[in-house]
Amino acid sequence: MNQPAPTTDPESRLLALGLSLPVAPKPVAAYIPTRRAGDLLFVSGQIPLVPGPDGSPTLLFKGAVPDEVSMEQAQECARRCVLNGLAAMKAAVGSLACLRQVVRVGVFVCSRPGFFDQPKVANAASELLMEVFGDAGRHARAAVGSIALPLGAPVEIEFIVEIDPACDP
Amino acid sequence: MNQPAPTTDPESRLLALGLSLPVAPKPVAAYIPTRRAGDLLFVSGQIPLVPGPDGSPTLLFKGAVPDEVSMEQAQECARRCVLNGLAAMKAAVGSLACLRQVVRVGVFVCSRPGFFDQPKVANAASELLMEVFGDAGRHARAAVGSIALPLGAPVEIEFIVEIDPACDP
Amino acid sequence: MNQPAPTTDPESRLLALGLSLPVAPKPVAAYIPTRRAGDLLFVSGQIPLVPGPDGSPTLLFKGAVPDEVSMEQAQECARRCVLNGLAAMKAAVGSLACLRQVVRVGVFVCSRPGFFDQPKVANAASELLMEVFGDAGRHARAAVGSIALPLGAPVEIEFIVEIDPACDP
């Protein structure tokens, strides 16, 4: 894991990792991407949507792990969920530098019975958060299997992050 | 969606929607309906219990979506979970007018493999919250499939809401 | 349920129950056991790991309820998840006496389709928390079924607890 220097800001770290923030995906339904309460920002469950050939959001992969989606593909999905979540956070607070710490990450992996490597899928998300935020990216986590996720997503990830009060408007 | 005027209070909005608060259901087990920490109120997972013919709580519908329970029935369950959750919130803080905002809604839908419309089920809950609270009812959300839920419920929904500190006893 | 006197501290109550805190298990993956935000401590999902014959962590039982793991075994797993969670909390804040209240408990039970007694499994966890903390151990809860959990665990439990600010370092 290539850990960038802790002094660079989170968005520079993303660039250094060869990644960039996507446009924050619109919620699939009647809710909002983030809700703030005090210093906590609650981020809605993210699925690995990417812009499709015609520009409309499409799933990176579809189905259950490991039969329809491989471990590597599921990990790629987990990283995409993080990027979509970061885009939603930035849209909410203006800059990723306003995040004091990542608090909790909830990971749901669409799993066949007998698939027990949810933590290995979730690690791809956790490691990306640590690469982007350094120690502030370390978090409590729950990773579980799910029989089916929205649109057929292999992974859904939700976040609770703490905002730096100094960033208050 | 018939959005009531934003000036009416949440309980009047419920009435205008032809709905009324049920008696808060007792927890199925050894826990409590709500727990407050600071300004956040955590509401236990609600299932679509209604008073049965003999008055004791019974499930509105039972089973997985879509084989045993239709989309429309699942949405009716989701709305009932919201009503039961609102009753629990009112019992905790005295009045729904004491809720400053809905923060996070967690929706579990008992799903057959290959059922990917959890968001459509969850929307029934989200839309009802917005009808009752207006913009304050908008929330972050995670909706996922579950292989089985308590008592055979098709839907379970938990809530985090923020309390208006002015309502403190 | 043998409720110890409310004046004894939580760790004495554990001892009175014939239980002792295990060494806090290391996370299975790239995350941390707990993360604090304000007065809330978020505890990562705990699985029923115990020291194996060679000292390395091993699951108390493995598989889905009720086919591979009985109700009694699942309840024993739920209690072990609590002990592991308490060990993580103590490692984070120094003493269980620093916990002001348990706020939310999230319980995932690896379930066969048609198994609807997740609350009965989760009760073993809830009751232990109430035995250890008295009224402060009462909490909001969500208990749901999961198709598969990490390493094949029958139960995974995560916690949100509130810290007594007087315990701040």
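Each chain gets a letter, A, B and C, in the order it is written, and its residues are counted from 1.
One rule holds in what follows: a contact is a pair of C-beta atoms (placed from the backbone, for glycine too) under 8 Å apart; a residue touches a chain by one contact, two chains touch by 3 or more.
Predicted model, so just to flag it, every value in this text is computed and none were measured.
Engineer: Rounded to the nearest 5 degrees, what is the angle of the rotation relating the C-alpha atoms of chain A to those of chain B?
Structural biologist: 120
Engineer: Indicate whether more than half of the residue numbers at the chain B-chain C interface occur in both copies; give same if so and different if not.
Structural biologist: Comparing the two copies, chain B and chain C contact each other through largely different residue numbers, since under half are shared.
Engineer: Taking each chain's centre as its mean C-alpha position, how far apart are chain B and chain C in Å?
Structural biologist: 26
Engineer: List, in ascending order, every residue of chain C touching at least 2 other chains.
Structural biologist: In chain C, the residues touching two or more other chains are 38, 146-147.
Engineer: List the residues on chain B that touch chain A in their complex, please.
Structural biologist: Going through chain B, the ones touching chain A are 38-40, 101-105, 111-120, 122-123, 126-127, 130, 138-147, 160, 162.
Engineer: Report the residues of chain B in contact with chain C in the complex, numbered from low to high.
Structural biologist: Checking each residue of chain B against chain C gives 27-35, 37-38, 42-45, 64, 106, 108, 110, 146-153, 156, 158.
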